[in-house]
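Shared chain: chain A. Partners: chain B in the first complex, chain C in the second.
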Partner chain A sequence: MSAMRVLLAVAATLGLGAAAIAADKPDPAADAKAFQDYFVKKFPKVAFDDFVNGPYSMNADMRRQWEEKEQFPPYEFALEAGKEMFAKPFKNGKTYADCFPNGGIGIRQNYPYFDDKEGKVITLELALNRCREANGEAPYSYVKDEMASLTAYMAYTSRGKRFDIKIPDDPRALDAFEKGKEYFYTRRGQLNFSCASCHVQSPGERIRAEILAPALGILNAMPIYRSEWSGMGTTSRRIVTCNSQTRAVPLEPQSDEYRNLEYYLSYVSNGLPVSGPGARP
Partner chain B sequence: MRNFSRGIATTNVMKKIVFALMVSAVCAGSARAASEADYLTALAAAESANKEAGRLRNQWTVTQAALNAAKKAAESGNFDSALKSAQDAEALAKASIVQATSEKQRWKDMEIR
Partner chain C sequence: MRTALALGLSLAMPLLVMSSLAMSSLAMSSLAMSAAAHAQSGAAEGQKLAFDRGKGNCLTCHEIKGGDLPGSIGPKLENLKGRYDRAELTAILNDETVRNPSTVMPPFGRNRILTEQEISAIVDFLQTL
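Presenting the complex of A and B:
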């Protein structure tokens, strides 16, 4: 009888242990649902797909101005440049199309992805530079016009396609997602701001003359033409600028932290359409 | 007469007090003037703290600005200013370390669940 009791106690302990492990395991799907529910509840009048339009989904005046601006979009020159660059062969005769599924057309919604061979997140910007290097070309700066033009063209060919970021059941992928989440919510810089301070707690509010965009769908519009920059900006440029605005020293573009952040932020926006390239004040 | 003598004595005491205060003020002033060695010690402490913040991937732009200001003041021989800027840089770097350390757990408070 006492042996039975001992066995039952051991079984119960093992069961509890397994339950604790299950509770600790990251659950990206549950995180994404909670994330999306938060914004939908916070902004019940904003249509789900409209979150990709950032501040324009939050403010009627800005939206009217933007709609007029879209008649002659300021990112158009980058789009044309990107289309030319994308088609122009490298010195070895190959093109970007040779590096990507479907010739690189209509695939923006699948980036970033987790590369199980490397065990890391691969963003579209990183994949483009790796394509260049694999074909004997020098990589582009992650924060300058060439990269913005290329990604603008690739986003444009994917417009309307819904983000479909995959997180395989691989502890390294789950870890990358968790680390991206941690980065997103971690306060940094002398101003003690996290990404969430602006884009979760205060979307729709003004910060100086700007209206803050919601985090939901924020990457779907990338790359963007920013009037403040008088030019185009990549996702890398946007993150680097956010960091320095909080008086934090930015990390290197495409550092593991930024790649993980992009992975997290893209995954929780799954189901929203690609709207890039975008235009912002 | 006695009152007059007492008045003179009081005046002398006052003079001595004022003189003593002036001497102590001058001494205190010269004790506070920073030397190059003071500056270099403070700079080393600031750079060490900022390096630690870098290891934690959480440096602040204002820390680097204070370090630059300290070096610029030192180059022009203004070690009072250089010392102050280096001390500011150390305080900022230490604050960034505290932030990085405390945020290891505190970020979870902000998470949407």
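Presenting the complex of A and C:
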């Protein structure tokens, strides 16, 4: 089956007309509205802002356990480490604050953004490693440890601020959005799942004892402490793990495909608050 | 889910004509018929394969009598013998997207997650439900 056909099948379940797909120019605002309306209609009892709490918004038992855990959140260690790392100067005396607007505080909701000089999507994780390299420091692994700690701190200082991802009227930005959308809805891997198979078609359902999270708001909680990982993981780790669990070959973290995917998925969650760092089973 | 299955069925006729996959699943089912005598031992083996996380892993999505911690994505697997014949069950396991393009069920035969023999044993087991 062609990717386009899958896209159309899912678009039909999302209530998009064929006209929206066939339109000459991408319309991210219309896509985001259809995406959000789909989840709101599917889960009439879930308050809009609660979608950022993933499986806990869908299951009362899990929610109770989570609320107890939040008394001593499992991401606290990473958060403290991230705060220290963020403040500690590089060997050249500069800090992360020098690389970011507003000194890096309360800005998580603006990432990823489209860089018009480079013509590409810039995620927060990518911006952090570029900051390190520009200051003569080695980049960190994108999936966990230091990167998770730094992004945990940056998310924490932004909690409650609503995602405000911008897509400029630039064909390259619209193309990045469209490519991210196509990646999201295309089936891959031996198990033949798209991201949407689980997180659009089946949120709230159980796979064994786990509850699938809705795609809406899924990135607002990043990075997360996952009990299954016995540790922290970044957005990169979440996507790589999704690929390998469905027996697809994961791409390199921060590859163009993943950056476009993050751009799409973040944009369609615009208006939802940052809730990271999060905790998940 | 039942609506999705019904939709899938209405799509199935033209697709059956076109699809070489469907042809191969028909061939598989006639092979399996000749092996009907082995169905009983096949059912026990099929249950093992159905519950094995590295093989069928059916419990991840389906509730099945005798299985722990079932998921809820697919329908409960019960009274299957009355509702589907062997060829239909084999075709569903081989590639359910032929009948229902938007299904999330993995194409166990097409993507070689299971061999023909393994699918046949699981069908033996499903026919006992």
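The definition used in the following text is that the second predicted complex is superposed on the first by the 259 of 281 C-alpha atoms of A that agree within 3 Å, B and C clash if a C-alpha of one lies under 4 Å from a C-alpha of the other, contacts with A are read in each partner's own complex, and residues count from 1 in each chain.
Here is the rule we go by: a contact is a pair of C-beta atoms (placed from the backbone, for glycine too) under 8 Å apart; a residue touches a chain by one contact, two chains touch by 3 or more.
For clarity, every value in this text was computed on a predicted model and none was experimentally measured.
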For A:S141, select first, second, both or neither according to whether it touches chain B, chain C, the two together, or no partner. neither
Touching partner for A:R208 - first (chain B), second (chain C), both, neither: second
Is A:C198 touching the first partner chain B, the second partner chain C, both, or neither of them? second
Just chain B (first), just chain C (second), both, or neither: which does A:Y38 touch? first
Going by the contact rule set out at the top, does A:Q190 touch chain B (first), chain C (second), both, or neither? both
Would you check which partner chain A:E257 touches, where first means chain B only, second means chain C only, and both and neither mean what they say? first
Shared contact residues on chain A - chain B and chain C: 190, 192, 197, 201
Chain C contacts chain A in the complex at 59-61, 69-73, 97, 101-102, 104, 106-107, 111-113
Residues of chain B touching chain A in the complex: 54, 57-62, 64, 92, 95-96, 99-100, 103, 106-108, 110-113
Per the touch rule, the chain A residues reaching chain C in their complex are 1, 5-6, 9-10, 12-13, 190-193, 197-198, 201-202, 205-209, 212
Chain A residues touching chain B in their complex are 31, 34-35, 38, 181-182, 185-190, 192, 194, 196-197, 200-201, 244, 247-249, 251, 257
